[in-house]
Structures are given as C-alpha cells and as structure tokens.
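Should a chain be cited, it is by its letter among A, B, C and D, assigned in written order, with residues numbered from 1 in that chain.
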Amino acid sequence: MKKLTTTILLIFLVFAGFAQWPGWGKVEYKTMPSKILNQDREYAVYLPPNYEKNTDKNYPVLYLLHGGGGSHTDWPEKGSLAGIANQLMLSNEATEMIIICPEAGKDFMNYFNNPDWRYEDYFFDEMIPFVESNYRVIADKGHRALAGLSMGGQGTVVYAQHHPEMFCAAYTMSGYLYRHDNLFWIDFNDPVQKKVHQLVEDNNCVKFVNEASPEKIANLKTVKWFVDCGDDDFTLKANLEFVLAMQAAEIPLQTRIRDGNHTWEYWHSALYIALPFVSDIFRDNSIQQQ
Amino acid sequence: MKKLTTTILLIFLVFAGFAQWPGWGKVEYKTMPSKILNQDREYAVYLPPNYEKNTDKNYPVLYLLHGGGGSHTDWPEKGSLAGIANQLMLSNEATEMIIICPEAGKDFMNYFNNPDWRYEDYFFDEMIPFVESNYRVIADKGHRALAGLSMGGQGTVVYAQHHPEMFCAAYTMSGYLYRHDNLFWIDFNDPVQKKVHQLVEDNNCVKFVNEASPEKIANLKTVKWFVDCGDDDFTLKANLEFVLAMQAAEIPLQTRIRDGNHTWEYWHSALYIALPFVSDIFRDNSIQQQ
Amino acid sequence: MKKLTTTILLIFLVFAGFAQWPGWGKVEYKTMPSKILNQDREYAVYLPPNYEKNTDKNYPVLYLLHGGGGSHTDWPEKGSLAGIANQLMLSNEATEMIIICPEAGKDFMNYFNNPDWRYEDYFFDEMIPFVESNYRVIADKGHRALAGLSMGGQGTVVYAQHHPEMFCAAYTMSGYLYRHDNLFWIDFNDPVQKKVHQLVEDNNCVKFVNEASPEKIANLKTVKWFVDCGDDDFTLKANLEFVLAMQAAEIPLQTRIRDGNHTWEYWHSALYIALPFVSDIFRDNSIQQQ
Amino acid sequence: MKKLTTTILLIFLVFAGFAQWPGWGKVEYKTMPSKILNQDREYAVYLPPNYEKNTDKNYPVLYLLHGGGGSHTDWPEKGSLAGIANQLMLSNEATEMIIICPEAGKDFMNYFNNPDWRYEDYFFDEMIPFVESNYRVIADKGHRALAGLSMGGQGTVVYAQHHPEMFCAAYTMSGYLYRHDNLFWIDFNDPVQKKVHQLVEDNNCVKFVNEASPEKIANLKTVKWFVDCGDDDFTLKANLEFVLAMQAAEIPLQTRIRDGNHTWEYWHSALYIALPFVSDIFRDNSIQQQ
C-alpha cells in the first residue's frame, strides 16, 4: 500500500504536469531587510532556466506587481508565473530574465509614499539596489522593466512616470489609474480605505500626463509603454482616458483592449504578451550597447 | 485592526480578481453512489451562468477527464475551469454547458475495466445516467462530448471509440494513447504500475483504428475528433501516429500541434480551444433537431 | 513547350494555393437594378461551400461594407474574403452564410442619404429585398448582420442605429464614426469632399448614442455590437469615444483594440474575428426559434 | 469631374488602407545577372522601414521561397509580404530585416541542381553573394535565414541540410518534402514533370535525416528548425514523418500543425509566426557577437 502511494505520487509528479521539469526556471520566496519600512519584507523571485548554469551571465529584470489586497505569492500561485515564463523561454519567445514580485499588500496596501509608509522610497532606495547586488542583473535602464495588474498597474505607470530614466518598458494590465468613486465594495468612510484611495488619487496617472511639462514628456518618450485592459473591466474608462492623454501628448504606446474582465484569466493571458514585449526591448537594448 | 482586516479582505475579493462575480458559473464538488465500484465517488460539476435562473432550460454536457495521478479537483484548481468557462461563455465564444469532471485517480488510476475495477462500466452505466437524472441535461449524442488530458486523453479517445453512438465530439489533449515503455519515472516492475499500463496497452488507440472494420470506421466518422498535443510532449509520437491512422482510415479530424510540453500551461490553453469547438457542434446539433 | 506551359499552369493552380478547391465557397460579381439610384448597381456575393448542394436550406446573411474610395471587389480581392470564409467554415468556426458586398464607391462615395443620392434608401428598400428574393436567405433580424471597415464601419453602425429591428449584429472595423477635420489628405474645400464629409458628420455615431431616447437605447440593446480598431489607427479616438458612449448608455458591446493601423492587414485579421462572432449569434438565433 | 476623380483617388489611397504609409518598408522588383543559369534573373526585395535612413546600419536577411509554379511576385502580391513585415516591425515583434524572394518558377520549376539547370548552385554561388554585396547585410550564419512554402518549403529544408553552416534558421511551411505519387493533378508521364519530381525525390528530406552521419547530425543541430503545416494539407504525412525523423535524431525543432490546407490563407498566417521566430534568433545572435 505504501508502494502504491509512492507510485501514485511519482506518476502524479509527471502526468499531472510539471511546473518543474529538471532544468526549468523556478520561483523562490525570500525576504530582504528594509529600514524604510522598519521590517523584513517578502518577495518572490523567478530565476530563468540557465541562471544557475551560466554563472558568468547577467540578466535583465522585470518587476511584476500584484493587485490590491494581494501579495508577492499572487503571480506565482494565481498567475502561473513559472509555467508561463518557462513556456515562453523554452520556445525563445521570451528571453531569459529575472522576475521580481515585491510584497505590497502587507500592513498598508499601496505602492506610494505617505509620511507613515514610504513604500515608493522602499522600492527605489532599497529593493532595486538589493536585487541588483544580490542577483546577476544587468543594472541599467535598458534591462529594467515594470509590469503589474490593477493597483499594481497603477504602480507600474506611476513608477515609470516618476523615474522614466530607470525603466525601458512599462506594461500595465487593468490598471487602476485613479480613484474610482463608484465601487460598491469599497467603504470610503473607512479611514484606511480613505487613506489608500487618497494616495491613489494623488498619483492620478491621467492627470500626470495632461499636466506634464514638455521636458517631462520628452522623458516619458524614452519608455516603451503598453496598456492592456479587458473590455468588460471596471477600469476600462480610466485606461481609455490614459491612452487618449498619451496620444494627445504624442507619447508612443501600445494599446490592447481584449475580451475580459478584472480576473486572473485576463492577467494570465496578459503575461503571455508582456514577457515577449519586454524581451524584444531587452534584446534590442543589448544590441545597441555593443 | 479588525476593521483593517475586513477591509483588506473585501479589497482582496475584488482586486485580486474574482472567479466568482455574482451570476457567473461555478464549480461544485459532489459525490455519487457507485455499486460497480462499491463506494461513493467524487466528481466536480461546473454549472453555467444562467443554470439556476433558466430553470426550464436543458444544457449540453462535456465530460472532462483528468490525467494520471490526478483527481476531479485538477481541472477546477490547476486548470482554471470556471475562469475559462466563464470567460468564454460571457463573450459567447462558448455556449452554456454543464461540465463534469469524474474522479478516476482514487484506489486505482485508470479509465478502463479490469475484473477488480470496472471503471469504464461505472462511467457508462452509473455516472452518465446519474448526471442525466440529476442535472437538466440534453441527454442525447448531439449534446454529449468528451475531453481530457494525458491518460484522460486516452480515456477520451477510447470511450468515443467504444461508444461512438454516445458522443458528438472527442477532444484529446496530450493523449497517452498507448503504453510508452521508455518513461524513466515509471517502475514497470511495480505490480500496480504493470497492471495500470497493461490496461493502457490493451486500449491502444492507434491499434484500434488500424484494426477497425469498415462498419466500425463508419461509426467513428459520426464523432467530431480533435487531437491537440504539444510539440515537446513525450506523447507527440503516439499522437502523430494516431493522426496518420485516422487519416489513413479517412476519418475526418482536427489536429493541432502547438508549442509546449506536458504541462498545465498547455492544457489551460487547450481548454480555450476545446470549449468553442464543442460549443459549435452542440449549437449545430440543436439546430438540426428542429 | 506548350506541354510545359500547360503543366506549369496545372502545378500553379495547385501548389500556389487554391482559393477554389472543388466544393469550396466562392465569390461572384453581379449587378442588380436600382430605381432609387437610377442605374444598375454592382455587388459581390460569397456563396458558402454547400449552397449549391443543399438546395432546400436557407442561410443567414452578412452585409460586408467596403471603405471610402473602395468598391464591392475590395473584400474579395484585398480582403481575401473567400479564403477566410472557406477556412473558417471548413473548420466549423464559422457557420455557412451568404456574404454580400455592396458597391458604394461609384458616383458618390457614401452610405447615407442626401437629396440627390439616396444610398441608404437603396440599401434598405432595394438591396435587402433583392437579396432576400434572389438567394435562399433566412430573412429575419436573427440571421441578418452587418460588418464593415472605415467608412463602411460607419455605415455598419449607422444602419444598425437606424434599424436595430433589422440586424442581430453589427461589427465595425476602424470605423470612421464622425468627420475628422485634421486629415491632411482631404481637401475640405473641394465641394464633393465637403458634401461627403457633411453626410459623415450628419450621421455622427457618438452623438447618436449620447442623444438617444430611453426607448431608442432599449432598441439598440437588441443588437450585438462589436467595435474593433487598431491602436495606431487615426480613427482610434472616435472609436474609444463611441465605446465610452455605449457604456455610459449601458448598451452591451464587445471591444477590441489590437495592434495595427488603417490597413488591409488589420481588416484581414478582423474578418477572422467577425465571422465567428456573427456565426455564434446566427446559431443561437436558429436555436431560439425552435 | 476630373476634380472628382482626383479626390476619389486620394481618398482611395488612404481609406482603402495603405500598404505604403510614408516611411514604411517596401518591396522592389529587380533583376540580377546569372552566369550559371545564363540569363538575367528576377527577384523581389523587401527593405525595412529605416533602411534608407540608417545608412550605416547592416541588416539580417531572410530568403523567402515561393511554391511550385509560382514566382518572386507571389509573396509580395499573394502573401502580403510588405503588409505583414511592416505590421510586425512597427510593433517591434519582428526586427528590421531584408527579405529576398528569389525567382525559381521560370524555365524549370525547381530549387535543385540537375546538369542543365543548376539552380542550387545559382542560389549559393551567385544570389547570396550578389545580395551581400549589393545590400547592407550582416553577412554571417547568425543573420541569414530561410523560409518557404510547399516546394519552397522543401527548398528551405534542403538548403539548410546541405549548408547548415550558412543559416541560423529554417522555417518550412506546408513543405513538399519528397515526391508524392498520388497527386491527381500531376501527369507523371509528362517528361518535364517527371524530371521535376525526380529532383524532388532525389532531395527527399526525411531520407536525408534518417541517413545522416553523427557528424552531419551535429551540424544540423546548429540550425533552428521550424516545421509548420496545415492539418488538412496533402503534405501533412510527409511533414509528420520529417518531425519524427528529426526527433529520432534528437535534432531540436519547433513544430506547429494548425488549422488549414494548402492555401495562401495558411501561408499568410505562417509569415506572422515566421518573422518573429527568425527575429528572436537574429537578435540573440547579435547579442552573442558582442
């Protein structure tokens, strides 16, 4: 009977479909210290198939942000991160890269700074330097990109708006790009929610573009932008307004409105577009540095 | 603090992406009695968005089989069954249907009959009748279909070969269509594995086609066949031989070899093809019955 | 040498890829009389694979409109109409249907009425009745649909706005939905162009939705709408405004913004989406009539 | 009236969809001298969007072969070469490259050598050198690739089998990989056809792999192979046998069997896969040369 169990376990590992055939890329959960947030902070890291083997090679990095109320385990567990990355890298549709999923849901869900909670400072002053000194990373704008969903879609856009000199690409999925006042599931009288959404609104992505100086707009043009949103998503209006603002400012961007809603099915399919998109940019930037 | 937790929970439910917006189809785990297997038997059922509301409507049924070592929870949990079905039905690319995932991994993993374990009898003599008397089903060949992965891909083909009068469509994904003797992870000296794989070989799908009588072949032509297999899958050879055997017998079939391996990423994407495929057939059969 | 030529011709027919394997659907160019336009009028008709064989079967109809300056030969010759329709019908992703391409480019390019040129009247009072009495058509709202590109995308929307009781579906591609005043290639002082574009503006699709009465909006909801536009298309802004207006009016619609520009590559790929979209609706409507 | 015509012409150019917006890549028809074939020989060349502007940049080259009975104008005119290449390069899914379509249909349709007609010698000894001295080309294996359809699919495979040291990638579409004796449209008693098909059979691609020495197989592994064939194509069997032979020889390859037949719709969609495929390889090879 024990034999049977072992055997069944073995078959299970194979037939049920490995995320982990030997030599494929895999996700690890880790922590890093943060002085700014005054605590240890979790993150997930995907290391590509040949990371352990090619020990003299450096890799581009994608920072992949989760949504409101989520955590660094969302993309690996709900978003099939390793499965998708392995699939695309094994067929060469994506280039090998390191993917970092920060944890932004704990204690106070937000990607931005307020006096008590300087998450954006943590991200730029601690997380990026930590990643770049602990992994074999190509540490320049041309090999550093952002992607994220919902509130992480806003994080993606805002981080690239604040620091266009840091990222070559920004891919926002179902981005919650400003405060929506008509969401029945949010109690805006709740002090925490009020604070969260005030920060969201303070970082209104559409307003940022509309009010950007010519110099700022010139900088925004150095980032490759990609806006992806479902046609039934409650964030569609905000995303379309963002697209129109970007076009009015003559900042080139890719736009996709595909079938879907605010769901993991959508973000799952979005990652199949996002990874090749940033890969082509990473590759081109490697060539131009020659 | 409790307030915070509640709030975060609420946001989580929404922002992290519902599989369950109100009014969407959902999966239930149930059991049914089996005299043949002498036990209660689990299954999962997906009920489409309007099943509860349209109480005078009957629905087509898809039987969706898991792989070796798996269970009835695989498609719902690893295969995003509800997420995919909802996505496709809300956009009308799939028609509303009931989807049944039998449990075939418990006690003895196999879809076929041996003297001690008459699973195929259970499926045809107990499960199908149970489903058709407990759910609002259109109980005819034209609205009953099969799909499955790996060993469930073999189950799909074999059930439709044995009972072409029962199914309008059969969609096999990465089908393990006969015994492979070179799988390092199987101990063929293990008595259980030996028995499992003997049954697999007794139901060799390629041999079945090659040896089919003209009358049998005529019957096989009444089923719409679909073979889907990854180009890096260890079952590719068997699947290509099956395709060639079917073409030699002039039995029409759809074939897709897509990028991928024996993984859930592959089967996830396959379900996006399978549901529209059987939907078009269900719809056409509803029209022809007019 | 003649032998050689003949042989090469024969190979050419096959190897170069038939649009016309025996038994596949094909396009015919025809004319019909028009009293309203006071002339004979060209059109193209695609008859599906089994039209000649199934002489007791009636078919749904799609009216497929060309763009500004084009003609009824555009979809067959630039848009690969027969090739795409055959491909999708042979795999059953589209249902067999008749496809009519009217000629709207001759004499005065426009789909609408002005005192001298009552094209919209021609379409409704002469063309549709002519088609329905000369081809085996299912002549009801449930089996009559519209699709079109650019100015034909506006025609699609406007015809369905004016007569929602006539069409089950409207699929607009790169729709030129109101007059654009900043097109460098249009001389708006040219009297013909001025007149054409005045008619375009008189039929402003966005304004129509914004100003629609509750009763009209209820009628618009009986049509299945689909808006498809390239992310680099000069009509993108108008299309996004139309989507936002439709959503504000709570009229359900499908929206796709895909990669591309105002090109035949875009419309070619759009037809691969449009035919399955209207097919699912035609099929459902055939079932509901039972 | 002249005014009207001019205006309509202008609108036509725009609304009907440019293949040629200013600054997009375009196709030119040219000739080159051949001593081996003792004549001037036609070819088509696609120059990418920035070729004229970036006068100090060199580009990778794809040789794109037509099918039996075709000519160098097939890909540009039936295969929408410029439209597809522009679409993919403008969105960066393909890298800018030069695409050369040789003429192999004139006088004697075949890609191979016989004593009277040394086309393969022409291709390697005259055409490639001509291209590399007349266009700004990166003239190495890492930036030289092959693709082709039907008899050009055989040409693709055979050229890469004969000269794996010359090409980084070979993408065969609906490849006619050996002589098919059951084609009703070929008169095998016709002396020209007999000769053509003898050459086809002399270059049997499956046999080549089966009989390859270990050293040859090692060389074949330096090419990235891609086999793409429709599931209803009459060449399917040959293509599946080729895939199985390559897998038996442990030569990595990509395989896609998609819906379709021996048609331009199939090859049109194949080019959307082929150009990104070779682009990723070109890009990686540029990086590795650093």
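Keep this in mind: contacts are C-beta pairs under 8 Å (C-beta built on N, C-alpha and C of every residue); 3 or more make two chains touch, one makes a residue touch a chain.
On a predicted model such as this, the values are computed, not experimentally measured, just so you know.
For the pair chain C and chain D, chains touching both partners: A, B. Separation between the centroids of chain B and chain D, computed from CA atoms only, is 40 Å. Taking the mean of the C-alpha atoms as each chain's centre, chain A and chain B sit 34 Å apart. Multi-chain contact residues of chain B (touching two or more other chains) are listed as 91, 93, 254, 259. A complete topology is adopted by the chain contact network, contact being made between every pair of chains. Chain B makes touch with chain A in their complex at residues 3-4, 7-19, 21, 67-70, 74, 78, 80, 83-84, 86-87, 90-91, 93, 105, 109, 149-151, 176, 183, 185-187, 190, 192-193, 232, 259-268. The part of chain A that touches chain C in the complex is made up of residues 231, 236-237, 240, 243-244, 247, 253-259. Interface residues of chain A, counted against chain D in their complex, comprise 91-93, 95, 224, 254, 276-277, 279-281, 283-284, 286-287, 289-290.
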